[in-house]
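Take a look at the structures below.
Shared between the two complexes below is chain A, which has chain B as its partner in the first and chain C in the second.
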Partner chain A sequence: MHRRGVGAGAIAKKKLAEAKYKERGTVLAEDQIVQMSKQLETFKSNLEEFASKHKQEIRKSSQFRVQFQEMCATIGVDPLASGKGFWSEMLGVGDFYYELGVQIIEVCLALKHRNGGLITLDELHHRVLKGRGKFAQDVSQDDLVRAIKKLKAMGNGFGMIPVGSSYLVQSVPAELNMDHTVVLQLAEKKGYVSVSEIRESLKWERERACHVLEDLLKEGLAWLDSQASGEPQYWLPALFSELTSRDVTPEEANQMTP
Partner chain B sequence: MDRFTWSNGLLEMNETLVIQQRGVKLYDGEDKAKLDVGIALLSTHQLIWRDLKNNECCIAIPLSQIIYFEEQAAGIGKSAKIVIHLHSAPANKEPGPYQQSKFSYIKLSFKEHGQIEFYRRLTEELSQKRWESTPMSQPIPTATDSQTGRTRAVGIVGIERKIEERRKETDKNISEAFEDLSKLMVKAKEMVELSRSIANKIKDKQGDITEDETIRFKSYLLSMGIANPVTRETHGSGTHYHLQLAKQLGDMLLAPLEERGGMMVLTEVYCLVNRARGMELLSPEDLVNACKMFESLKLPLRLRIFDSGVMVVQLQSHSEEEMISSALDNVTDKGSLTAEEFAKMLGLSVLLSKERLLLAEKMGHLCRDDSVEGLRFYPNLFNSQA
Partner chain C sequence: MSFEWPWQYNFPPFFTLQPNVDTRQKQLAAWCSLALSYCRHHKLYTLDVMEAQESPVFNHKNIDRKLSTDAILIVFEELRKKGNLEWLDKNKTRCLVMWRRPEEWGKLIYQWVSKNGMANTVFTLYELANGDDTESEEFHGLEDWMLIRSLQALQMDGKAEVITMDDGKGVKFF
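Right, the complex of A and B next:
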């Protein structure tokens, strides 16, 4: 433990150190800490002023939130690091994202038995919005992504897998490597995938394809349809709602029925 | 999309091409239009769109039909768009790709960028309104401000005008907010640089820092959301705030932990605590940093990280041997168990039951049978009957 020495000897030593530093034109760390404390006070009041004028923007505009987050990232500041941070306390950014985190966890937990812990960002977005009710603030997908990034700090394998034009959100600690991810991406179009499709598109050997599919089955991320005509199909419940909730116009419906 | 008419895409004598952009996909309101990606062309008189692959598929709409338009920023996996709000189609409109539409706006989606310049040119053309001074030889039906037009002002056009005014007002507020935000960020950046300088000095031992000062420094970092450059700890952990928090959690979590067999996943704790607080919520990192202090504060709780990466809070009284022997007993009793079956028996979450079984396996008491039917655990007979 460092302690500033007391006594004549210590005073002399300190004077020597100060002189040396002044000579080299550098400022001592403890002086800088005092300086920082002063700057912090000033900054705090600037932030308060900003908040009094613009706090609404953060709540109302997801576009503003994106800009705000990007600016913070550029200068090396994480406004969501702590609920005790200035940004969180005065702008209310924290509460917005932390509460969103709670809602995301709850949705993922509620659906885990069905999709094994994998859900599309679209479906997550849709369900979170539903859960928030009509009068709640609007929440964008960017907001969800940032909230999810923060959740990673708590272990439990929250992650995002790029698939198609969007993402799959993973909420279980299943280890998904590149092979798994690529198969998920392949399955995105139809919601299912087969061994021969994998071999054709990815040019893998049979064993590699089967191994990955087995992994997905074991983790509960895929369901096996062994009664499909031709060969067995591996369906991904995480991708189900994409297909079943698509609106179909009368003309399209007529074209679809054989 | 029902405002568009089929067009040959050729410009008239008085008409000039202003800008064209490839890779544009059209939207009917929120829905993707039944058209492929194509080229959007802006002239002094019209907005034209042509299919890239099938050049004969070409549609156009007069610029006078546009009430107002706005940008829609790009998102993840989504291109930037320009949303264009339109007047209703006049009664004598020529046929087009859509007979009817429930939307009164369209979107241009810029898959190959170019939206900024297109937006700028569109703004120019709509403010200059060059089509009014140089009418095309073929009279294109426009929404006229005739006597009947004025009475419409109270109706749809009036509402749309109000929307535009409100949008302009919002825009003004947002741009002012952005300006103020930029100034704020400049000051924040100074603080970041100062903190880095301090951290370097601490590292190089230039100057004597007391423990008090170190704690103060950490709390400054916490307030600003700056990662501690010296220790790389996330954002000033180990501060007074986290100390207080740890004590609060020590009180608050005892009962819930007992109810749940002595262990809770950290995400569950997060939801429980924040739901109870309602306001001034904890960040995930706050929670983790507070839980890390349980041991040093001699509280009866521990933060524990399993091999799988799952983080839990468990009661200190919750002995490891107890968990393992209970797992072994249950598995021996039933012959074999999966995590789901075990969970049902104990009334625990599947995640935690699995961790218990894995722990018992790690200690050599259980063996696994890993198949597509699931992960099943058996007593390790090699061990017990060897």
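Right, the complex of A and C next:
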């Protein structure tokens, strides 16, 4: 008797079955793709609807912006990640922060002459609002912080130093290390600081304290007051509360070097 | 109108000559500006260094800070370099402060003369600076030395001629 078993026929049959499975797999994949496209279309038009409804709000309301940002963070999207892009173009989020960034740079440049490139977030906020005028949309400190983070990422020399309950915004790439930062934080309370205060609060040696203060003088961030009773005091224009509301005078503007 | 002090005036370190060169430049520029506008506001044409030390400009009693004599002299030297100050003596104790230069004064005076159609009229210096007619003008009360320089500037321009009269000097405008 001639036995055939796993022979040519079986193989051929197997091959045919495999081919049919593959075809079916292709058909399946095609199905999926068609379905996914449809879903994407729906998603896109929903998003467009969302955008048109809320674009105004994004520009106008700082509260809405905060919530929007938080929502985006939850789904893993950064609307500010790229200048061009679905999110920023569709919703104008990028534009808003880009324009704010430009404003922040302008304010910092105008005052750099006075404060050496260091400004409190409060003062920055105050001046940005002033510059936007009565009919402008409101801008919160949260907005400023985000815009500054973006500027920092773009390498504009911006940085933020936590002091007290807020921040000092640095707009000039001065070489500030931990020691400088800590002294700035100490100075925030009264707007000035002295060698003994540093030694007392931070337990540093005299040399270290003097070195940091010298650096602050060199960077144009601090001025020396040698008529203070006891010992010299180092004052920071950025922390001088009287300056917050004082506009730049024409004379000051003339003195500014490009 | 009361005098408006710049923000630096209330900033204690403003009265200490700054060790950092760049900061010092800014400081001196601000001091020059302040000194000139103070003199302009109070119509001061001469300054005595000793007196200046005690004037509110350089001695801010409220914050217990004053500019040292050395620093004042440095500020004055800056003003001299910019053409706004002239020493009256070798020892640098008194100086003339020109918060407005002679040419600028001359221009103001001539404007008044033209506006009132007073060309070809002769004025005594007294009439010009202290007469009733000029009471509302900025150059009213201008001290003689500055008045003469201003008129001399106009003379160079061919707009006036300083003449000597019996009891002093006068000027004719063209």
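The definition used in the following text is that the second predicted complex is superposed on the first by the 194 of 258 C-alpha atoms of A that agree within 3 Å, B and C clash if a C-alpha of one lies under 4 Å from a C-alpha of the other, contacts with A are read in each partner's own complex, and residues count from 1 in each chain.
Note that a residue touches a chain if its C-beta (ideal position, glycine included) is under 8 Å from a C-beta of that chain, and two chains touch if they have at least 3 such contacts.
The shown structure was predicted, so the numbers you read here are calculated from the model rather than taken from an experiment.
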{"item": "Contact breadth on chain A, by residue count: chain C or chain B", "value": "B"}
{"item": "Which of chain B and chain C A:Asp142 touches, first, second, both or neither", "value": "first"}
{"item": "Touched partner set for A:Leu217, first chain B, second chain C, both or neither", "value": "both"}
{"item": "First (chain B), second (chain C), both or neither touched by A:Gln39", "value": "first"}
{"item": "Touched partner set for A:Phe240, first chain B, second chain C, both or neither", "value": "second"}
{"item": "Intersection of the chain A residues that touch chain B with those that touch chain C", "value": "217-218, 224"}
{"item": "Complex interface listing, chain B residues touching chain A", "value": "31, 73, 75-78, 170, 173-174, 176-178, 180-182, 184-185, 187-192, 194-195, 197-198, 201-202, 206-211, 213, 216-217, 220, 222-227, 234-236, 241, 265-267, 270-271, 274-275, 279-288, 305, 308-311, 351, 370-372, 374-375"}
{"item": "Parts of chain A lying in touch with chain B, wherever the complex brings them together", "value": "1-4, 17, 21, 26, 28-33, 35-37, 39-40, 42-44, 46-47, 50, 53-54, 57, 61, 63-64, 66-68, 71-72, 74-89, 94-95, 98-99, 101-102, 105-106, 121, 140-142, 145, 150-157, 162, 164-167, 172-173, 214, 217-218, 224, 247"}
{"item": "Sites on chain C touched by chain A in the complex", "value": "6-7, 10-16, 18-20, 22-23, 26-27, 29-30, 33, 64-66"}
{"item": "Touching residues (chain side chain A, partner chain C) in the complex", "value": "113-114, 192, 217-218, 220, 223-228, 233, 235, 237, 240, 242-243, 246, 249, 251-252, 255"}
